[in-house]
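Note that the chains take the letters A, B, C and D in the order they are written out, and that residue 1 is the start of every chain.
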Amino acid sequence: MTYKNEQLSEEKVFKDPVHRYVHVRDRVIWDLIATPEFQRLRRIKQLGTTNLTFHGAEHSRFNHSLGVYEIVRRIINMFEDRPHWNKEERLLSLCAALLHDLGHGPFSHSFEKVFKLDHEQFTQRIIVGDTTINQILEKVSPGFSQKVADVIGKTYKDKLVVSLISSQIDADRMDYLIRDAYFTGVSYGHFDMERIMRVMRPIDDQVVIKSTGMHAVEDYIMSRYQMYWQVYFHPVTRSAEVILTKILHRAKELFEDGNYTFKLEPVHFISFFNGDVKLDEYLKLDESIVQYYFQLWQDEDDEILRDLSERFINRRLFKYVEFNPNLQMKEWMKLYKLFQYAGIDPEYYLVVDSSSDLPYDFYRPGEEGERLPIHLLMPDGSLKELSRHSDIVEAISGKKRTDHKLYFPKDRIEELEDKQLVKQIKQILYGQGEVENVR
Amino acid sequence: MTYKNEQLSEEKVFKDPVHRYVHVRDRVIWDLIATPEFQRLRRIKQLGTTNLTFHGAEHSRFNHSLGVYEIVRRIINMFEDRPHWNKEERLLSLCAALLHDLGHGPFSHSFEKVFKLDHEQFTQRIIVGDTTINQILEKVSPGFSQKVADVIGKTYKDKLVVSLISSQIDADRMDYLIRDAYFTGVSYGHFDMERIMRVMRPIDDQVVIKSTGMHAVEDYIMSRYQMYWQVYFHPVTRSAEVILTKILHRAKELFEDGNYTFKLEPVHFISFFNGDVKLDEYLKLDESIVQYYFQLWQDEDDEILRDLSERFINRRLFKYVEFNPNLQMKEWMKLYKLFQYAGIDPEYYLVVDSSSDLPYDFYRPGEEGERLPIHLLMPDGSLKELSRHSDIVEAISGKKRTDHKLYFPKDRIEELEDKQLVKQIKQILYGQGEVENVR
Amino acid sequence: MTYKNEQLSEEKVFKDPVHRYVHVRDRVIWDLIATPEFQRLRRIKQLGTTNLTFHGAEHSRFNHSLGVYEIVRRIINMFEDRPHWNKEERLLSLCAALLHDLGHGPFSHSFEKVFKLDHEQFTQRIIVGDTTINQILEKVSPGFSQKVADVIGKTYKDKLVVSLISSQIDADRMDYLIRDAYFTGVSYGHFDMERIMRVMRPIDDQVVIKSTGMHAVEDYIMSRYQMYWQVYFHPVTRSAEVILTKILHRAKELFEDGNYTFKLEPVHFISFFNGDVKLDEYLKLDESIVQYYFQLWQDEDDEILRDLSERFINRRLFKYVEFNPNLQMKEWMKLYKLFQYAGIDPEYYLVVDSSSDLPYDFYRPGEEGERLPIHLLMPDGSLKELSRHSDIVEAISGKKRTDHKLYFPKDRIEELEDKQLVKQIKQILYGQGEVENVR
Amino acid sequence: MTYKNEQLSEEKVFKDPVHRYVHVRDRVIWDLIATPEFQRLRRIKQLGTTNLTFHGAEHSRFNHSLGVYEIVRRIINMFEDRPHWNKEERLLSLCAALLHDLGHGPFSHSFEKVFKLDHEQFTQRIIVGDTTINQILEKVSPGFSQKVADVIGKTYKDKLVVSLISSQIDADRMDYLIRDAYFTGVSYGHFDMERIMRVMRPIDDQVVIKSTGMHAVEDYIMSRYQMYWQVYFHPVTRSAEVILTKILHRAKELFEDGNYTFKLEPVHFISFFNGDVKLDEYLKLDESIVQYYFQLWQDEDDEILRDLSERFINRRLFKYVEFNPNLQMKEWMKLYKLFQYAGIDPEYYLVVDSSSDLPYDFYRPGEEGERLPIHLLMPDGSLKELSRHSDIVEAISGKKRTDHKLYFPKDRIEELEDKQLVKQIKQILYGQGEVENVR
């Protein structure tokens, strides 16, 4: 038996709260899970700062990666005897599912923004680079690692395989919606995944949905919508992320400023500051390292870095008000000046954050951000784009929703001695009433 | 209104996957949660290394502490109009419930063992020491912090309050059983907590259980039993803990050995090595700091520290076989010598680990480890010790079960060049068959 | 203590799979539950023929009635100290919640249609008529029973009380959505009821929703939408209902036809056939009586009654095709004649069934079927109609969706000897393809 | 393709709250489900009178039968490639699982007791008799129906097949424990069925359990124990059953008494009274028929039949006290006489009911009620009887527990005019205190 086909003598299972059990029989999968690169995902939270809002959301990307693998495994089991499905793609699909998030770093969102990184690119670099992961994949067959990277990069020729892990209804999304709902404890995020898997059909280069399963898909899309606005874009979570982003900005600024000396040299960050991150440096930076520095930085000389780090560690977050960038720029300008006047650096302490989501999109060929639509397989064998058949989906299709909030440290303002100034600032921020502290 | 009685204008809630919502109305509780000392619990996992076996078990002690508070809150709500219950003890009970685990450090079990610490003592030191927690408690009334510490230390005069958080059926245990079952995903750990709360009655200085609820209590005791053997004492988890303990031992040894120089001075550990831990040093050491060092130590000069750290970080755990300390000491001696001969230091690589549990104990006054029994309130008003009424509990009462395992690095043995030696070692370890890798 | 305020010495509970426990402390409620009229609800299924599609849906109206009571009880507990809420209405609200479905008969939908009955009218007749229920209510205070009837009839002066059990988001709907989802096992029907209850506020004469809870309400409305189309209007369930309705029609027709003699006189049905149902006759007719007759009627001389009864009892249901009454009347006419020609009476065997639902409606004062909208309580204290604030609700607001299907006995057609005729009929029914048997 | 191997063109599913979906692909299974004999199970409750205690327990035997089929289907899927398992037995196993409860009548327990019937015998008669079920089975192959009957009767030669549906850990028990827990809503009855199925191994003529799954089996046995005492033997349920049994006794007695004339001849019961039940008569008697008669009998001339029927229909149950048949016979004799003196016929109104259960039994060859034990498959390939390896199981093994209660109509006693007599009776019944009305 070749390595490619090698089976474990007994199936191994991982107890999983979401899928009950994750089943592994392939030696290749078992070996991939045991690599340092994959184990590293245990030290990176799936939802970054969300646990500061929903305390249950402390689960790691390791968790989710196993989940996506398991879903793809189950789907493929059902595809086994269907036309259009190429059995030869089984192992490739499983590997791509397992490894699709391998390149995520700690608090990806903020890091990518500040340091102009792309986690997907790192995923591919880990897969084709000089890593244990790569060695295992190449043992399957020479060039296999590149295939896995191509599936994740969506350039692989068999689009059916690609669509299993990247489409508007894929294993990745199904796992994270259910998993994140489970760990946060919210009641959104439930849909009948088992039914969706049963009505999936491989047709040519895409996975389509038997029309009898349309309602389960509607339910999935609504779950996605609710999870985005109730969990992923929760304003308190974004407050933590605003602070985190500003910490990174400040540290970079101090590093670039030749005159400032860190008490302990931030060795793990230097290549990030320099914009030239090597693969092994990237792999070393997990959440514990970042948290370690943030804790050290609570004792730094720079007041801003110190304050922001302390806020992040002790969860003393910014408050927020609704903000309309089209109508309220004048107010923002005024606040900016008042903050400066008060000695609160507005670059770090007066931050607009915008979140936007497009719950489902029909096909807009050629347009930027083009997303392949979900197709229903009708009883007569024809395909129909989902939003043309579902009233609910039609209602929200292609409608991007954006939310802007203005974040600031309310405590700092209230501590100002110039009470007139406090009043002025508050007047602009709250108008009549005071903001309600929503949890 | 005094601070003690101050209520938030609107009830605040935390979304909790186990209790649905944790409700906070008291200003004192709200303020305690916001302290750095309490927020620190977010950076300490509830189950230490268990997540290396059950990947869902990544929840923190912050999580559990809120849960215990919530259970006590609900119990007290039901006690409100009962005789024997002193309404004045409400806030004290809530604070003690919330703060009972405050002194836990990272990987408590191993740290306490190696450095001879006691987390409960630290809990009390945080509460009565120079901390934000203490300031808030003293604002309630002078001396209030000591009362909270006394409840946690079980020396408080009103034993009813003590028994809410420390008895054989208390809020602490009820929360962790259900919570740990939820996050690991195992099906043990379920019992009807709502029913148990409904049948709890305050009688004199203890909480007793109406006899009609006996079966729910049986179920709880069986859950406890199963969780201990299936989750808490899982041999794979213990393997990780064995390694962790040995890392700490080795680092201490190197530190004490005047000749060894760490690449980076382990500043956060020094007071631990010296056996003289100040409160503020203790509070600084969370899991991210520990993980940071373990990652650094992968590059240390000392081979043992390097190897063990790398094993822990990358989850390359020791394997194990059953071990009977009474019957197999001779085999152990032989192995010890063979390991030495093979150049594998048996002090670090041949480790016996023993776990034992007593699922329920009746009352043995005066004996060491004396535990107060659970009493049933019979229809005629009398009290009856649980094991005298329940067949099942009687069957397991007072029966301590111990499990011994011998841990070792199988990979290292198999890599030995002297194949005769390998055979000899394996012969002793496995006898006829080879150990099965149980997950 | 008066009867009105009498409390049970210990709270009694009913174990309920949906609400965990239903709690009863009021003697009045306890006595109402024990009446023959309320116990009768055990013999009437909540979802009529739905169990023929979803086999778990065998739960009774007794079940649901306790659930609605429990929800109202919990809401009122939270209202207790709020302004606008009149504490004096507590018992009235609880009684109305418990009794709101008291007048439901077996298979209400079909019975009401065929015999021109109205279950709500019977609910009121039971409450104010000569019944044990009435005696208990009048013991509370003279005229109390009429108040309860008024709340259920929506004519009671305090509209706040009315809205608890009849509005677009009331205890009735919340219970049945969650309960029916639980017993059918579908994954729709979940929403965060606890959160909705927490954000409900009594304002003047209605219950409004704090705007922070809007998403939970969106989720509820989507659940409702999905339950209607996935469960309540399931085409297989409707097939059973079509047959049931036709059985009742046929029996009535035979009864009115002076020449037909039933083998056993249908004594329990006579007043229904005559359109003059006395209260005690109505109360006697539960599902077991109806099923008894249907079983007898399998042996009747009349072929149609016999066949339809046998179909209902043994679940040999009609098949169906989509039907468009606007475009396909000509086809229907042709089928009608072909059925007649084939000797299959189209009055009984070619049935158009239409279902329609309006998931949410904004306020249309004066229009027929006017429904009070859901109002959000904004942070500034103003009220805002839900669909003006929620994109999703706006998208489906006021949009009635109707589904028409044509039902027929496929087996009968296929058994026809004239194969040319079979082909002709099938040609019209299916056009090209054959209908798929969706489960 | 032969009928035996015929597959449906698309897999059909039943939505099931317990197993999510029940999957059917075999034409034979699909046809069996559609028979009148199997559909009849919809009209027989799984738990008889239990719904009078746990209102959710209204599920039918149809429900459970599908569930047992589904479990066996899943187990066989996993057995497919194992040695010892004969693939040829697949369809036989599925049919036996589906049909194993076919012969259950309404309220089996009471009917069997009063009329000396045996539901298992009826199951076999339906399978081999002149029924639609039999026709379908014989189409598979001549003699196939007898094989199915043999599996259910435990006489089939391949004991492995037998043990799937009748052993101390079989598909029947696993389904009913989980299902009954789901519908009653109790928190007992949960165990990790998926894990148990994964560790089942066919060895020779039995299904054994891999020793690594022992704790899941312990959990199952404890669930079983709790369900028996908390649900199946609940004293309120037994009260209803006592009344039901007495109704049947009384009706039989009146029938046998030549002088009594029923208002409506109990045609459906006559063969039961005569002890000579034909198969078609048996199949006609479902729960709706029985309920119909009980309703009629509320208007009978005989006071006892009338009263008991009215009690059953309106849930006016008997109360109970603990009773020790060894110690309290004298008290019982006294009560008997006092009841006679009071004009309350003790034969019907003073009833001792005993329930007993043996949670798990080791092997006692040759003894009556011999039950095959559960064997663990040890790592070395040997088999070990469960109670020798599990402390918990050992503790309860072979220990039969019996509970006796004395039932009586408390209301009748309290209505007696002779208050001295009332006092005397109560004195004996309650001794000092009054019985608590446990729900």
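Just a few scattered comments:
Here, a residue touches a chain if its C-beta (ideal position, glycine included) is under 8 Å from a C-beta of that chain, and two chains touch if they have at least 3 such contacts.
Per UniProt, the chains are A, B, C, D = HD domain-containing protein.
Remember, predicted model here, so these are calculated numbers, not experimental data.
Of all chains, A has its CA centroid at the greatest distance from the CA centroid of chain D (HD domain-containing protein). Contact count check for B-C and C-D (C-beta pairs in contact): higher for C-D.
Averaged C-alpha coordinates put the centre of chain C (HD domain-containing protein) at 32 Å from the centre of chain D (HD domain-containing protein). Distance between chain centres (mean CA atoms), chain B (HD domain-containing protein) to chain D (HD domain-containing protein): 43 Å. Remark: chain B (HD domain-containing protein) and chain C (HD domain-containing protein) have CA centroids separated by 51 Å (rounded to whole angstrom).
Listed for chain D (HD domain-containing protein) are residues 13, 20, 186, 195, each touching two or more other chains. Interface of chain D (HD domain-containing protein) with chain B (HD domain-containing protein) (complex): residues 186-188, 190-192, 195, 212, 215-216, 218-219, 222, 225-226, 229-230, 379-380, 391-392, 395-396, 399, 401, 432-433, 435-436, 438.
Those residues of chain B (HD domain-containing protein) that touch chain A (HD domain-containing protein) in the shared complex are 12-18, 20, 34-36, 39, 42-43, 51-52, 54-56, 58-60, 62-63, 66, 182-186, 284, 286-292, 295, 313-316, 437, 439. The residues of chain D (HD domain-containing protein) lying in touch with chain A (HD domain-containing protein) in their complex are 13, 20-21, 194-195, 198.
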